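Given below, in the form of structure tokens, are the structures.
What follows is chain A paired twice: with chain B in the first complex and chain C in the second.
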Partner chain A sequence: MQGVKEKALELLRSGKVDRVLGWKEGEFFYDLTPAVFESEAAAEKDFCYSLFSGANLSKYLISESKKEGKIAVFLKPCDSFSFVQLQKEHRIKRENIYAVGVQCDGMCDAEALREAGCDWLTGVEDGEILTVHTLYGDKAVEKEKALLGKCRSCKSRRIVDYDELIGAQGEDISSHRFDQVAQLEAMTPEERFAFWRGELSRCIRCNACRNVCPACSCEKCVFDNPASGAQNKAIANSFEENLFHIIRAFHVASRCTDCGECSRVCPQKIPLHLLNRKFIKDINELYGPYQAGADLDSKPPLMDFSIQDPEPSIIYSRGGSGK
Partner chain B sequence: MKQIPRSQLNQLFAAISEKQKLYLPVDDTTGQSVFTLWEEGMCLSSGLNTIRSAKDAFFPQVENLMGFRVEERQIQLIETRDPAEPFVIFGVRACDVRSFGILDRVFLAEPVDTYYAQRRENCCVISLACGKPAETCFCTAFGIDPAQPEGDVTCWLTEEKLYWQANTEKGESLTAGLPMLENADPAAVEQEKAAIRATVQKLPFGGLDLSAFGQGRTKALFDLPHWKTLSESCLGCGTCTFICPTCQCYDIQEFTGGKTIRRFRCWDSCMYSDFTKMSAGQPRPTQTERFRQRFMHKLVYYPDNNEGIFSCVGCGRCLRKCPIHMNIVKVIKTIGEAAE
Partner chain C sequence: MQVKNEWKPTIVAFCCNWCSYAGADLSGTNRLQYPAEVKIIRIPCSCRLNPMFILRAFQRGADGVILCGCHPGDCHYTTGNYYARRRMTLLFSMLEFLGIERERTRVEWVSAAEGAKFAATMNDFVQTITALGENKKLEDLRCKE
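Now for the complex of A and B:
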């Protein structure tokens, strides 16, 4: 964690950048807010990088990089995949950005601490075993249990694109992130249908998943456009509601980097990332291994054609049996 | 004052359920507390507050208002209102009980919203004192006492017992039909109340300074530049509005299916880009105006129209659930300081 705030201050002091996109100190130790700092004094006062800097800042660059001047951004490995994917989609102006890659051991979540039985949180000390301070005394919590869901199945420690690094460059890691998808594939269609109906029945259609998603960057979403005929503030029936998430997963397929923000922000704890991971797993199996945002040059398989592409019959024959 | 051992809560819930539907906080599959229709085998959640507020009981997210059928040259109206039936909602915290009064001032003012009124009349509210408040609670800033919540019945849960105090006729009549409740000494809960009141003294925002807000503050606050910085990273999602116990805005839309039409209402959010969009366009073109609307409504406009009452109850849900951790406490502190 060391050196991140110092870097922000230095970049502003030297005039290398005009603004810094980072995280702002909250009212508690865990409620950091993404924020833009325009002066060294402002950053000195409020900039904070901690165990709770989980939010992916990449999507803010869509608007921030179009403003005057240069902006610095701090990117964890997973965030850097979104950063690259947004460049590939021509959504951000790279020349206006100074990207600082920050190595990361996983970010924590206050909700996870509460789930681990910590009430009235007052502080935390880092370590393999976290010491969580509460009004009712200190509690030891394994860090693994306090991590954000997305960090528990981290896919890579590699920072894909950056101008400067804090900490060492890392590598892709095998994280068993498709295990849960495989479990779902192994279910009967009826079981799988029941699983998703149950999970998606909790949706309150707050759109947090869509709004946070770096792959959801349409200027006007079809679901927000009263003229589209698909605007849908309410549920015609519960099945139609479920389709919102399935359609969104289709729309981001082969562009989704599996950054995990959708599940992080869901107030109802719906494991939305599993829908996206199913697509990623299928794409890997049908078109060969592909990771969105891992490089600047490759074409997403669903936006490209090659003679080796599998015939539809192969896809249909996989049926619901799981592979 | 009545009492029942905690071990017999199941019998109590079963007895209430015999005569009417009973909703109470139960943990869902993710471990989050949700108001759920009680069935045999369900346990009261040990969580402090439900993720969605108790307003859902009176103001559901989606509700059919009426239907139309076109036949020949006639338009026939179809009644789609749910039949009125009495129900009980148990385990409502002090903040949520107070929110009902705030919603009442909107929905029960002339012209009375009969859909809402019907549910309010049919409901018996059983509140539950907050034995273990959280650091995100700040109900005391709005004069709410979590040791003595309002409601038709007030309950206190201690290690061994549930204490039960009927406050209204509705509460008395429910109590009369529950013979398993034994008489208790009212002094029994005094210790519990004192403990709660001592704990809430330590709430970090329990004494939040609201002096910059309230009636007549529109001009002083509306044009502050801080709205822009506060709203800068807002995602424009509806999480805060949908989990909020006092947010009450809705939209009315129609499903059309050839000769039949269903008119319904659904929660709307001032955070959304098409909120109150009119033929002339969107009155709040950017997220800054939408964000300002939400907090000005709670802290200035609503008090303007309701004798200074704020439409926030300090439940702390937005402190926990906002994806970017922006919330009403940060707004009150920042705007409050700027206004001085």
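Now for the complex of A and C:
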């Protein structure tokens, strides 16, 4: 947590950048929200980097990097994958950006802390065992239990692209992020249908997952079409949000870096990342391992093909899927 | 007069203009029968098929959707069906992941010379879907009349 705010202040003071993209406190100390700071005084007052800086800032660069002047941005390892993917898609102007990579040990989730029995939070001190200050006194919580869902299955601590680094460069981690997808695949179709209907019927169509996703950045979106007949939430039947969620995941398939923002922002706690991971898992198995955002040159698998590709019927014959 | 009220499925067949649509024509000129439940929608190339079209068809009451295109290697636009093949593989896998019956979607390569294959494919597909019954899992009451 050390040095990030100091770096932001230093960059603004020296005139190296005109603006800084970082985080500031919302209503509570634990709901940090992305913010742009245009002066040292503003950053001094509000800039905040803490255990709750889970938000991925790279999507904000689409509009911010097209403005006049240079902007500094702080990128955690997972954010840097989105940053590279956006460069690859020519969505951001790299020359206007000063990227500061920040090494990260995992970000915390206030909800997870509440589940661990800490309500009325007033402060959290970092460590392997977190010291959580609440109105009812201090509590000790293992950091592992307080992590954001996306941090529990962290895929890499490598910062792919940066101009400057705070902390050490890390490496890819062989995480078990596909385990839950595999578990679902092992169920019967009826069980899977019941699982997804239970999850997706909670959707309130707030579109937060779409709006936060760095890969989902079209200026005009199919789901804004008022003639679609499926624009709003309806209680007509219990699974009518399937189209939205399948297409949302499909539109970012092979470009999704698995940053996990969709699930983080979902107010209904739907495990949306599982849909994206299913696509990633399939792509890895059928077309070879691929990590979106890991480099600037490779072709996304859905914008590429091979003559030897399997026929669509392979998904019914290969192992893993429930019968 | 006796009126039969048995349920008939609605099948949407997306056919590529260059091969499969011509294949359907050929099966017609050869007087080969295939069920009237099949509604053909002509698309310029199998890769024109937006995955959303398939889901929209299901939302609006289709019971089965089949995509027919040129055989891999024979695409009028050289490579279109290769892209379609990857997309459909991933989409079908996702539908399977959500617990939708796998038989409801299919891809079949039918050339302009394969009128008999077209009729046989459609007969088989309609039979499969009739046995499977109505599509309830993917329908969307908001989109129905």
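In this section, the second predicted complex is superposed on the first by the 295 of 323 C-alpha atoms of A that agree within 3 Å, B and C clash if a C-alpha of one lies under 4 Å from a C-alpha of the other, contacts with A are read in each partner's own complex, and residues count from 1 in each chain.
Here is the rule we go by: a contact is a pair of C-beta atoms (placed from the backbone, for glycine too) under 8 Å apart; a residue touches a chain by one contact, two chains touch by 3 or more.
The model shown is predicted, which means the values in this text are computed figures rather than measured ones.
Contact with chain C, but none with chain B, is seen for A:275 once the two complexes are overlaid on the shared chain.
In the superposed model, A:55 lies in contact with chain B only, and not with chain C. Contacts of A:310 after superposition on the shared chain: chain C is touched, whereas chain B is not.
Touch criterion met: A:135 reaches chain B, while chain C stays clear of it.
By the document's definition of touching, neither partner reaches A:90: not chain B, not chain C. Common to the chain B and chain C contact sets on chain A are residues 234, 236. Residues 28-32, 48, 51-52, 61-62, 132-135, 199, 202, 204-205, 229, 232-233, 235-239, 241-243, 251, 253, 255, 264, 266-269, 272-274, 277, 319-321, 323-327, 329-330, 333 of chain B touch chain A in their complex.
Per the touch definition, chain A reaches chain C in the complex via residues 181, 184-185, 189-196, 222, 229-230, 234, 236-237, 239-240, 242-243, 246-247, 249-250, 253, 275, 278-279, 282-283, 286-287, 301-303, 305-307, 309-316, 321. Residues of chain C touching chain A in their complex: 51-52, 55-56, 59, 72-73, 79, 82-83, 85-102, 107, 137-143. Of all residues in chain A, only 26-28, 31-36, 55, 60, 110-111, 115, 119-122, 135, 198, 202, 204-208, 210-212, 220, 224-226, 231, 233-236, 264-265, 267-269 touch chain B in the complex they form.
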